[in-house]
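In structure tokens below, several structures.
What follows is subunit A paired twice: with subunit B in the first complex and subunit C in the second.
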Partner chain A sequence: MAKFDETPIVKDPAVNGVLSAPKLREHASAEVRCHPSKPKDTAAIDLPTERVPDWQERAVAKLGELLEKNKALRVYMDICVRCGACTDKCPFFLGTGDPQNFPVARAELMRKVYRRYFTPAGLFPDLGEAADFDEEMLQKWYTYFYQCSECRRCSVFCPYGIDTAEITIAAREIMASIGVATKYVTEVVAKVYSTGNNLGIPPAGWKDNCEFLESDVKEETGLSVRFPVDEKGAEVLLVPPSADNFANTDTMIGYGKLFHFLGVSWTTSTYCNEAGNFGLFLNFANLKKVNRRILDAARDLGVKTIIWGECGHAWRAGIYTPTLNGPMDDFEPPYPYHISQYIVDMLHKGAFEGHIDKSANDEYLVTYHDPCQSARAGYLIEEPREIIRAVCNRFVEMPDGTIRQKTFCCGAGNGLLTDEIMPIRMAGGKPRAMAVKHTGANYLATVCAICKAQLPESMHYWDVPVKVGGVIDLLARAIKM
Partner chain B sequence: MPLLDLAGTQVEVDEDGFIQDPASWSEMLAAALAKMEDVENLTEDHWKVIKYLRTYYQQFGIAPMVRKLCKETGYDLKAIYELFPSGPAKGACKIAGLPKPTGCV
Partner chain C sequence: MDASDILWTFLSLFFIGLAYFSVITFVAGMLWKLIGYLRTPMPLPHALTPAPKTEGGAILRVLGEVTIFRSLFKADKWLWAGAWVFHIALAAVLFRHLRYFTYPVPGLILYMQNVALFFGCLFGAAILFLFWRRLALPRTLYISNIPDYFVLVLLGLIAGSGLTLNYWLHVDIVDVKGFILGLMTLHPVEVPRYPLFLFHLFLVLILMLYFPFSKLLHAGGVIFSPSRSQPYQIQQRGKRYVNPLER
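Here is the complex of A and B:
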């Protein structure tokens, strides 16, 4: 793989407080594109199985519909003054140097179409402010709106408060409506409907994983920690990202140990064992439908509380739950409830008093990566830090410009965690990798399954020797039962 | 779907080289797929992992969790990566004829 290493990101804002724009590399990432969707997947998720014949008219009509429905989108189309404050804030621009990855340039791809069909500028095509939604434009949309991880770092720096992610979201919605989407995202959404989760783990496989973890924990610790499945009447429904019960098993064990220690009855659901919502990466109808499954599972099992696991996009979609699918007042407040919030509430109640051995984590110098979706979109900023401080002696922050509201995307959020665009993932992951390197930490904690899949690869690629893991993993190590 | 000439037969694969029909898998095909994953020779250690993956997949319709794969085969993750440089989910699953695990992995 060609390294995107001509761009001097090392001097980027984020790391040394010195802003140095990367060298511009026109079209550097123009050829890096996601695989297109397959008919078997799009058919399963109510999208056209191929590009519709009248795609241009339908795309423009869809844009018109979105402009009506989402007034913010129309404002974002109109108010940008192209000041450029966003240009060097995007990890994908910083990593690739491709000026088409300036957030403003990406958004211009839609603004030109907007001006062409919805403003008087469309009457003067020669001025270059407006452009047809033609084949060339569609291809640019498909390439560059899938090189944006909707992380919204650019929005933090926009003096007008333009949320560029909303523009990417609208572009993907329009493309989906005419039958243009990526294989990765559509395949994952289809798997949720057929199996209950993104990974496609059927119920028997899920139960087998849970039974295996029970015997494994018993063997290692002697504890009879349970990983219950489909248990009606449990107090808590835990909705984890399915990756926790597949790859990030230390996080899954963390949930089990936590509930075991607290003596709280809990369960997972084989109807909905997925917190992550890839509908968010595709279109509104699927966002809503995937989200609905959580409420249906919780009501079917009769739980009192739903707790969202360590998953960034899950939390962004999760906080919309009442807006998307109606009131949750048949559950015990607070809701929606994140596992990190739950742990902090338990800490404040004194539930762990005398039962935490911080030295269990002394081998780690821990730093914390704010997932863009849980931190910037979901306000979950202090809770993970409070947990880490409560269970670890050694914690170090990355530089100010790279954390909390200003965090950098891992490089693979919102539908980019797919191998065919690995150069984009590694380029987009560079600012985060450099900030981690700056700390010298050997444990990179985070609360997102996509980050947990991407970061080991990007840290390895940029030569940052660090173990990546969950926050609850650290808690589980420190709890004395 | 692209067709790939593997071990003398035309096999349908996806863009990432994963075979589309698990029933078309054979040991000969595995050896051909291995070359694509920088595994020159399939040793007894490789076969142990491959056979475990296939048996598990036939029973559950999904690859086993990584932790279970390590425990049941006796190879830790490092050893699995030494056997299959592109890892358990990509390299090992591809050679064993399983679909590519996708999602947040």
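Here is the complex of A and C:
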């Protein structure tokens, strides 16, 4: 880790909480790589268990196929002018100083291959525009396309809207097709099929946890809040990130208290107790298949409404649902619905009128971290803020260039939340830590399970004393039953 | 017929051939590329949010990118200024070139006479700035390849030769125009005997040849960029985004 810029974060009004571009450190993060996938996992999710013998031809052919099937990729391969506007926007460059983490440099790894095999520039490899898809290139792909959290921040600033996240998605799809993937992502996808969730909690364990929460809440508040599992005919199916029932239990308690207060019958499903979709970080086929489970579970239980819990990339995959898995016209609303949107709708209906005690959260100075996927791919920006303002007296925003559409990734999104690349996670989390420190907040609210796993570690690492939690956690504290 | 006549005849044939070849390649290449973008499906919704919720809003968003480079403005004010001045000056210079292609010349273009030198110089200055920036910033230096410099040098030479022809050598517009109108009406005549003009023309034709196979495609490609051109209609009743591949 010593290779990165380890300058500690200081609270300095002059820098305004915004990390400026560091000095270039070539190859600084070249050695930090995810563990490769295990055959037992890849076999379970329809991927080659090892690198296929004719991997070069197969990869080039796959790229050709994606160019025919994906307008964004096709356009983005051609139109970058290498203006450099994106170079100081990626959290992983800002944290590591490795110029290969410029969005444009990352994308060029694929463009060089594209030009080599699909354009006349391939005839002049010496100009630096084209390169073979050889072992060296594959290794660079594996390293740097797994140092991108598909956060889309680069796209905000590119004059042509080039979204390097889409290029990363394509690169991972190509690599997966030739048998090159990471242990973390493939393991999680395999687990979701075998247990229903990313953490691998079996149905019995899930029920136990729910019962445990029931007695916990009873003990603490005297309320008989229920955490129903697999209840047919409930009104609402809640699809949370599974971590909410395991690590972020305050969030899970929040869902329970909310529905209890509203008197709405709800349930989780042991067939699909996971909104997170690691297929999004791997390939299209698994994205679709993992997502399908949500509609299947909802129809099986006969619910009226599906609500997605607090998870960033789950929400991105969530809004794809009607595209991936067919119309949702048998549900109300007939489109994906997020817990924050649901709460805001209830607020507007006056459901909480006279039942909110904002002072319950007075010990917290709250700031809000926009998860990259919910803000830039899911249009979820105002709702969480509206909830926080409704239930807290003390709310402070981070600096302008670091929130809303310009938010920074927590540093571990989209397949990077794995311990072997901790240096990358801490470096990528630096811009966010800096902005949080600037506010002086002591509660960092967010609506994403991955953020909630990464932020406590990165905040600790960068010495920012702050509690990380959900938005609904704050609501639950403020509701008077 | 003396030796120099033979040379000029030879040069004429070369330029006439190259001109037709370049124009055809440019037009066909651009059509091929842009139609390719148009026909390629986008399997998933891709709008970068917050995004406009209507088609009209999305068109305005793209127009904002094309006319005032809104995203670039957010990214880097100096680059924005350089790039915007460059493109505006280029548009003005190209527009004024219509006087070589039209007969009679529209009044507006004649009227531009007074500001043409200004735009010409601005164009040159913007190129110098962009070239300097590429070399001066470690970040842009790192990502720049030979083609990036090649395009700027090409444009710089075109600008320099153009300005010299116009304001220093005072090349006779009648000769030049005769040649160009000849090409346009498919009755090519001999090239005007100005070496610098031929140099200028040669570079322009090379640029046109290069255009559809290079990053210059951003000129048309930008309007097909799905992160900007798609509206966000996923959460509207009855508006499902259908994957074109599964229709």
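Following the convention adopted for this analysis, the second predicted complex is superposed on the first by the 463 of 481 C-alpha atoms of A that agree within 3 Å, B and C clash if a C-alpha of one lies under 4 Å from a C-alpha of the other, contacts with A are read in each partner's own complex, and residues count from 1 in each chain.
Here is the rule we go by: a contact is a pair of C-beta atoms (placed from the backbone, for glycine too) under 8 Å apart; a residue touches a chain by one contact, two chains touch by 3 or more.
Note that the structure is predicted; figures quoted are calculated from it, not measured.
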{"item": "Which of subunit B and subunit C A:Asp216 touches, first, second, both or neither", "value": "first"}
{"item": "Partner, of subunit C and subunit B, that touches more residues belonging to subunit A", "value": "C"}
{"item": "First (subunit B), second (subunit C), both or neither touched by A:Trp308", "value": "neither"}
{"item": "Which of subunit B and subunit C A:Tyr342 touches, first, second, both or neither", "value": "neither"}
{"item": "Contact residues common to both interfaces of subunit A (with subunit B and with subunit C)", "value": "none"}
{"item": "Partner subunit C, residues of subunit A touching it in the complex", "value": "21, 23-24, 67-72, 74-76, 78-89, 99, 102, 104-105, 108, 119-121, 127-129, 152, 155-163, 166, 284, 319-320, 322-324, 327, 333-336, 375-379, 381, 404-406"}
{"item": "Touching residues on subunit B, where the partner in the complex is subunit A", "value": "15-16, 59-62, 65-68, 71, 89-90, 101-105"}
{"item": "Parts of subunit C lying in touch with subunit A, wherever the complex brings them together", "value": "33, 36-37, 40-46, 48-51, 65, 69, 71-72, 74-76, 79, 83, 137-140, 142-148, 213-215, 217-218, 221-222, 224-228, 232, 234-238, 240-243, 245"}
{"item": "Complex interface listing, subunit A residues touching subunit B", "value": "35, 183-184, 187-188, 191, 197-202, 204-205, 208-209, 212-213, 216, 241-243, 245-247, 249, 276, 311, 417-420, 449-450, 452-453"}
